[in-house]
Amino acid sequence: MSIPLMEPAFEYCFELRCRVEDPVQLGGTTPGEGLHFARVSGGTFDGPRLRGTILDGGGDWWNGRGLAVELDARYVIEAEVETGTAGVEVVNRGVWRTDDATWARIVAGEAVDERELYYRTAFRFRTDHPELRWLTEYQFVGYARAEPGYVIIRVFRLA
Amino acid sequence: MSIPLMEPAFEYCFELRCRVEDPVQLGGTTPGEGLHFARVSGGTFDGPRLRGTILDGGGDWWNGRGLAVELDARYVIEAEVETGTAGVEVVNRGVWRTDDATWARIVAGEAVDERELYYRTAFRFRTDHPELRWLTEYQFVGYARAEPGYVIIRVFRLA
Amino acid sequence: MSIPLMEPAFEYCFELRCRVEDPVQLGGTTPGEGLHFARVSGGTFDGPRLRGTILDGGGDWWNGRGLAVELDARYVIEAEVETGTAGVEVVNRGVWRTDDATWARIVAGEAVDERELYYRTAFRFRTDHPELRWLTEYQFVGYARAEPGYVIIRVFRLA
Amino acid sequence: MSIPLMEPAFEYCFELRCRVEDPVQLGGTTPGEGLHFARVSGGTFDGPRLRGTILDGGGDWWNGRGLAVELDARYVIEAEVETGTAGVEVVNRGVWRTDDATWARIVAGEAVDERELYYRTAFRFRTDHPELRWLTEYQFVGYARAEPGYVIIRVFRLA
């Protein structure tokens, strides 16, 4: 029997432009190692499927090990719906890693694009708004890049 | 054989005075029902064992069902240590429930004390600072009360 | 103004007798250090407030650091209710620590009581069964002790 | 300025063949609605990048809402490495949804393929074994299908 298998495919939905504050060290004894908290303090998002604003509050509890970082972000966005806006919980987990040269450029305040950084995530959204139900019914992944003070993540849904 | 069993006992450690912003509704369709996010935006803590400040960021992802609420708060505090301050992750989960009369008083902006509200929690702290290691080696519980714009929680460690 | 504050108080509810299999090491490079998984494979519970059985499945994802361990257990119990039994999710987090002498006794297969071990936890239960609703409306803590192949935890609710 | 953006791309790594026991209902009052637990009781995995066995223990805490299900699975696999095997924690979250006709076929014990079911997930692996470090440094997604008593998930890493 041959089982029909799919080629994974994506659809681009929107891009989050997330303002992230300087991290506070919570674990580890060396800067960048162990648990940190970086507050998410605002931003916007826009794209073919959704647009709105990112609220101040929540943040990214990230855990560093050398030049690799495990992300665990949780924050809130307000999406535009027909009658106004609706709150949506965002949980975004993933990994981020780089090399010494690219890291030096980030520290120097340069923007780093998606190809220069392995910064890939998976999203879970939570909302009960009927217009936004699709956010809870697909698996989403993110491709991220860095600009000073911001993380910019393109959000795709898996076909 | 008789197994020696303990009578649970507590030691009071410190009191958190936590500023909490108005919640954003994320789930449910009725106000107060389902998932909400309330940002923790600052505060202080003080007591026989620890003192410092509560940072802006993180928050309480609470879930309401009638007059009972399940809490799931995660935020960051900076504790005073010998050489300055050290960041500590706070995870505080628990339950909160009341009756119609007490709820009406809270909405009217009155303070409500620990006996009038069942607001009990369990804490987990995370830090690698050697002076604060005890925070990771005990189980802690909280007794909370409400003031307009604030939650005040007394933190006890189990003996 | 003097704020009426409570003396923390407990009520004993039931005791879990939990069979725990040998742990599998998932993290760390030294035995006992880092993340481990210990399957919960059965058991019973009994007491003034609740009785029933512990199901096979779930387990304890524990993280060791020297002679201190951070617990994160999640499993399922079936509680007796008027019409039969009802499933309840158990999430039990806490800490466990000992000294070299007591540890040697545990390894040698001796039982260790609640005073000899600091093994304290906080519970969250989840169920929608109306007779068990109280399990979701109180904060619970646990006092545990060890027997070969078993953890025995007395469960108290906070007044 | 034009920012170089990537087309999401995948690499197939291995396929998990996971034995899953009948679920226990933990929440909700209607079968299939609310929180359930389905124990993972064994299995195997194989593919170009990794092979080994799935251990008994852990499970899937899934939450149903009509014909859509939110998954939250956590279990342990043992992967073959040069010197034997190494334990790896698997956390697999995602969504699963179907229609009435496909659901009837599943209930009747038929296999359902990846195109007939939207069953997509995101993985996080945890291990400290040096040969398996790559599992912690990529974002992985899963495409799943159902056979009686089994879930079969193909695991891809994002480029």
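Read from first to last, the chains carry the letters A, B, C and D; within each, the first residue is number 1.
Here is the rule we go by: contacts are C-beta pairs under 8 Å (C-beta built on N, C-alpha and C of every residue); 3 or more make two chains touch, one makes a residue touch a chain.
All values reported here derive from a predicted model rather than from experimental measurement.
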{"item": "Those chains which touch chain D and also touch chain C", "value": "none"}
{"item": "Same vs different contact residues, chain A with chain D, by half of numbers used", "value": "same"}
{"item": "Chain at maximum distance from chain A, centres defined as averaged CA atoms", "value": "C"}
{"item": "Separation of chain B from chain D, taking each centre as the mean of its C-alpha atoms, in whole Å", "value": "35"}
{"item": "Rounded Å distance between chain B and chain C, as computed from the means of their C-alpha atoms", "value": "22"}
{"item": "Contact graph of the chains (line, ring, star, complete, other)", "value": "ring"}
{"item": "Parts of chain B lying in touch with chain A, wherever the complex brings them together", "value": "21, 24-29, 34-35, 37, 39-41, 55-59, 61, 74, 76, 78, 87-89, 126-128"}
{"item": "Chain D partner contacts - residues on chain A that touch it in the complex", "value": "3-6, 8, 10, 68, 70, 93-95, 97, 111, 113-115, 118, 120-122, 124, 136-139, 141, 143, 145, 154, 156, 158"}
